[in-house]
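Consider the two complexes below, in which subunit A is the common component and subunit B and subunit C are the respective partners.
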Partner chain A sequence: MFKTIDRYLAVLVIGFKQQLAYKKDYFLTLGFRIFASFIMVAVWTAVYLNSDVTSIGGFTLPQMYLYFFLINAIAISSFNEPISENIQDDIQSGTVTTALVKPVAYTAQIFLNSLGNNIFAGLAVTLPFLALIVLIGHLALSIQAIAFFLIEMALSFTVSTFIFFMIGTLAVYLTNIWGIIAVTESLYMLLGGGVVPLSLLPSWANNILALLPMQLSLYLPAATLLGMASTGEILQSILVGLVWAVPLFALSVLVWNRVRGKITSVGG
Partner chain B sequence: MENRLVRDIRFYLLSQYYWWRGFLVYREQAAMWLIYSIINTAYSYITVAVIYAVSSGIAGWSYYQMLFLVSTATIVMNALYYNVNINWLMDLLRRGGMDPYLIRPYGRISIFLSAQEGISSASAILGGFVMLLYSAFKIGFNAIGLLAYLTLVVVGGVTLVLFTLMLIMLFYHLLKSANFVQRLLSFVQQASQYPLAVYGFVGQLIFTLVIPVGFASYYPAKAFLSSISALGFSEAIAIASAISIVSYVAFNKLQIYYTSGGG
Partner chain C sequence: MEDYAVRVENVSKWFKAHEVRRSGSFVTKLLRKTYFKHALRDVSFDIKQGEIVALLGRNGSGKSTLIKILSGILHADSGKVSVLGLEPWTERIELAQQLGVVLGAHGQLFWNLPAVDAFEYMRGVYNIGQEEYRRRLRYFLKTLDLEHVYSRQVRTMSLGEQMKCNFVASVLHNPKIVFLDEPTIGVDLPSKIALRKTVAELQAKYKTTFILTTHIVEDIGIAQRVILLSRGKMVFDDTRLKLEAMFGDKRHVELHMAEPNHINFGRYGKVLKRGETTVVMEVSKNVLKTKNFLALLNRKEILDYRVAEPGLNFILNKFYAKLDREKR
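Entry: the complex of A and B
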C-alpha cells in the first residue's frame, strides 16, 4: 500500500518540480499581478473621489484596494485550468499512450501533476502576495477566516478540476482545444468576481451567480479574508460548491469512461 | 519599377488572405478564439457599466465618453495584437523560422507583420468598432474632432506597432523569451482603457513617453471630445512621431545583430 502511495506522491512531486524550471516566470507573474492591481486601485480611487462617498457596494476604498490585490493573488492557484492543457498536450504529443501504460491511473497522473503545479504557484505567487497584502493592509485574520479561506480554495480547485478535466477530454475529438480553454478561463474570471466585486452587481445577477461554483474561486475567498462575507454566506457558498462537486465528479467519470476507448495519438 | 511601398502592402495583404484561409480551416477553434476575444473585451465594458451604475464615475468623463475611450483602446490594442503576435514572432526568431522570410525582397517591418497572425483579435476589433459608433452617436461629434481623432489613432497606432516590434527584438536579444513583452502589453492594454489622469503625473509619463499607448487611445479620445488644444494635438503628433522614429531606428539596429537557431 505504501508503495502505491509513493507512486502517487512521486507524480505530485514531479508536477511541483516541473514548475521550478520556470522560477523567473513566476517572479514576472508576481510583479505584473502587483502592477495590474495598481491599475484598478487608481481607477477606483478616482471613482471614490468623484463620488464623494465612503462606501460603494459595501466596500470602503481601502477594502476595494485590498479586494483587487487579493483577486490577483488568488487567481493563479484557485482554479485548475492546467489540467485541460496537460490532457491536450498529452493527446497532441502522443505521450498519452505511454502515460496510459504506467502503473498509475492516467486520471490520477494528470490530477496530481496539476495539483503539484498549483501547489508551486500557491507557494511562489499566492502566498508571498497574500503575506504582503496582510502586512500592508493590516488585515486582522481570524483562525476561522483562514480555515474558511482554505476550504473555499480547496473546493474551488476540486470543482474546477472536474470542469477543466471534461474540457480537456474534448481534445480526444478536437485535438486543439486552446480556444475552449481560454473561453472557459475567461468566463471563470468574469463570473467569479475577477472583473468587479460581485456585490456591486444587480441583485438578480448576484442571485444567479450565487448558484454557480465560480464565486468560490475569487470573490468569496477575497471577501472571507476581508471579513465582508458572513458565516451564513460562506457556508451557503460552500454548500453550493459541494452540490456542484458531486455531480461534476460523476459526470467526469462518465465522460472519461466514454472517451478513453476513443483515444488515438501519433502512430494510431 | 513597382513602388516599394505598394509591393510591401501587397505582400502584407496577400499574407493576410492566406492566414485567414488557414484560420478558417479549423472552424470550431476559430469560433472559440473569436468568442474568447469578445469575452475579454467585455471585461472593460462591464467594469465601466458597473462603475457608472454604482457611483458618479470618473471626474470629467461621462458614461458614453468612457465607453468611447474603452472602445478606442480596444480597437487600437487588438489591432496591435492582430498585426503583432508576440509569442509567434519570438518563436520564429528563436527557431530560425524568420530566416526564410528575411531573404525576401520586402521591407523588414512588412516581413515582421506578415510572418505571423493574430486573427483571433479581429472579433474584438469589430466589437470595439460597434461600441465606438454607438458611443460616438450618443455623444455627438463634429468633423474636426473626428479628423483629429483619426489622425491621432493612426499615428499613435503606428507608433505602438513600431515600439512593440522594437521591444520584441530587444527582448529577443536580452532573454530570448516573449513572456515579459506579453505581460507588459496585457498590463498596458488594461491601463489604456481608463483616462490617463487617474494614474497621476508619473503614470501619465509612463503611458506616453515610456510606453506610447496614450498617443493611440487617450489623446485620440480627448481629441474626439474636443478637449485637446491645437497645441496639445501638435505636441502629441510630434512626440508620437519622434518615438516612432527612435523605435524604427532601434529595431533596425537590433536586426543587424540577429542570429537564430543554426547561426
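Entry: the complex of A and C
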C-alpha cells in the first residue's frame, strides 16, 4: 500500500518539478494572461458604452471586468488539456515505451504527471493572479465561496482529465492530434463561459449548458468568487459534474483497454 | 526460482505497415499501400540467469520488436514468452519491477531537469530504500565518472554523458534483467570501457542478465553468446567464439611496398584494398604456408607485412553477405 503511494508520489513530484524548470515561462504566462484580460476589458467597455443598459446578463461593467480577469486566472489550471498533449508527445517522441516499462500503470503516470503540472500552474499563475484580483478588485470572499471554488476546480480538473485523456488516445491512431486538441479546447472555452458569461445566453442555451460539465471549469468558479452564483446553482452544477464523472471514467477505461494494445510509438 | 531468465518459444509478430506508392497517377500516389510485415518469424531461444547475450542483426531485422515483446510493451501474435516466469504483456507491471530497459540516449531522463531528479524519480517509482539508493548511486557515479555531471540539466550534457546517466537510471533498482539497446552510441572511449566494465561487474556480483543490441562491434565483446536475427528469423544462436570461428580460416594480410609495382596479388587471395604502396588481402590460412606465398613475402619489393585474424566486423559483414546470397 505505502509502496504504491510512494510510486504515485514520485510521479506527481516529477510532474511538478518538470514545470519548475519552466519558471520563466510561467512569469510570461502570468503577464500574458493579465494582458489578455485587458483586451476583454476594452471590448466590454465598448459594448457597455454603446448601449443604454447598465447591466448585461446580470453583470455590471465592473463585474464584467472582474469576470474576465477571473476567467484568465482560472483557465490555466481548471481543465486538464495538457494531458492530451502529453500523450501525443509520448507517442511522437517514443517516450511511451520508457513509460510502459515502469512498474506504474501508464494511465496513472500520465494522470499524476499532469496533476503535478496543474498544481504548479495553479500555484504559479492562478494563485498570484487571484490574489491580485482580490486585492485590486476589492473582492470580498467568504469561506464558503472559497470552499465551493476549490471543490469546483477539483471536480472540473477530474472531469476534463477524462475528456482530454480520451482525446489524447486518438494519437495512437493519428499520431498528430494538435488540431483536435485545439478545437476541443476552444469548444471548452466557448461552452464553459470563457468567451461570454453564460448568463448572457438565451435561456434555452443556458438550460442545455447547465447539463454539460464545461461550465464547472470557467463560468461557475468565476461566478462563485464574484458571489453571483446561488448555492442552489452551485450544488446543482457540482451534482452535474459528479454525474458526468462516473460514465466518463468508465468510458476512459473502456477506450484505454481498446487502445493499449495498439500503442507502439513512432519508429517502433 | 526458475533457472531461465527468458524463454521464447516459436514467437511470431506481424505489423500492419504502410507504403507510399511512387508510381501511378496523382490519386494512387495519395493512397497508401497497406501490407503486413512479418517482424518476427518463429523465434525460439532460452537465456539463463546471469548470461550476457548480444542480440544482433541489421536494421529492421526484428531486434527492437523482440526487446519490446520481452519487456511487455508489445504482445506476440503467436508463440509463448516467459520472462522471469511471467508473461510480459499480461503481467507487465509485476515484471517491470525486475526489468531495466535502456532505450535511446535519454529515454529515462527529463530533458529540462538535472539527472539527479530522474534518479530520485527512479528511487520512488521502484521503491528503492534510501540507504541502498545512496550506495548504488555512489558506485555508479564513481565508476562512470559522473560525479561532476549528474546535478546538471540533462539538456546541457554531452550525448555520452546522457547515455551514461540513462544507463544509471535504468539499473539503479538492481533489475534481474537489463535490455540494453545501443548503450554506447556517442560515448567516448574511456566511458565505453567503463560502461562495459560496469555491465560485467553487475553480472558477476548480482547475476544480472543482460540482453544487448548493438551495431558497435566492441560492445559484443562483453557477451558470451550471440543471437543473430535476419528478417525476423533467428539465423545464429551460439557462443561468440563460435561466431568468430565461422570464417576463421581466413587471415588478413597487409603488405607494404617500397614503390608502386605490378605484382598480381589476386593469385594468392582476394584483394580487399589496394593503394599505391599498400595492399590488404584476404588469404586462406593454408595458403599462408605455401612456398609461393612465402616467396611473395620474401620479394625485395615487399618492405614489411602484417598478418591478422579478421575482426568481428568483418565476420558479421561476411555473415550478412552470405544470408543475402542465400536469399537470392
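Everything that follows uses one rule, which is that the second predicted complex is superposed on the first by the 264 of 268 C-alpha atoms of A that agree within 3 Å, B and C clash if a C-alpha of one lies under 4 Å from a C-alpha of the other, contacts with A are read in each partner's own complex, and residues count from 1 in each chain.
Going forward, a residue touches a chain if its C-beta (ideal position, glycine included) is under 8 Å from a C-beta of that chain, and two chains touch if they have at least 3 such contacts.
Predicted model, so just to flag it, every value in this text is computed and none were measured.
On the shared subunit subunit A, the superposed partners subunit B and subunit C are arranged side by side without overlap. Of the two partner chains placed around the shared chain by superposition, neither subunit B nor subunit C is touched by A:L141. By the touch criterion defined above, A:L251 reaches neither subunit B nor subunit C. In the overlay built on the shared chain, the residue A:A21 is in contact with subunit C alone; subunit B does not reach it. When the two complexes are overlaid on their common chain A, residue A:K3 makes contact with subunit C while staying clear of subunit B.
Of the two partner chains placed by the overlay, only subunit B lies in contact with A:V196; subunit C stays clear of it.
By the touch criterion defined above, A:L132 reaches neither subunit B nor subunit C.
Looking at the superposed arrangement, the partner reaching more residues of subunit A, out of subunit B and subunit C, is B. Legend: residue contacts after superposition of the two complexes on their common chain; A:K102 is shown touching subunit C, with no touch to subunit B. By the touch criterion stated above, A:A46 is placed in contact with subunit B alone, subunit C being left untouched. Superposition on the common chain places the nearest Cα atoms of subunit B and subunit C 7 Å from each other. Across the interface of their complex, subunit A is touched by residues 15, 64-65, 68, 71-75, 92-94, 96-97, 99, 101, 103-104, 107-108, 110, 112-113, 117, 120-121, 123-127, 153 of subunit C.
Across the complex, subunit C is touched by residues 3, 6-7, 9-11, 13-14, 17-18, 21-22, 94-95, 97-98, 100-105, 261, 263-264, 268 of subunit A.
Those residues of subunit B that touch subunit A in the complex are listed here as 26, 28-33, 35-36, 39-40, 42-43, 46-47, 50-51, 53-59, 120, 179-180, 183-184, 186-187, 190-191, 194-195, 197-200, 203. Put simply, subunit A touches subunit B in their complex at residues 25, 28-29, 32, 35-36, 39, 42-43, 45-53, 56-57, 174, 176-180, 182-183, 186-187, 189-190, 195-196, 200-202.
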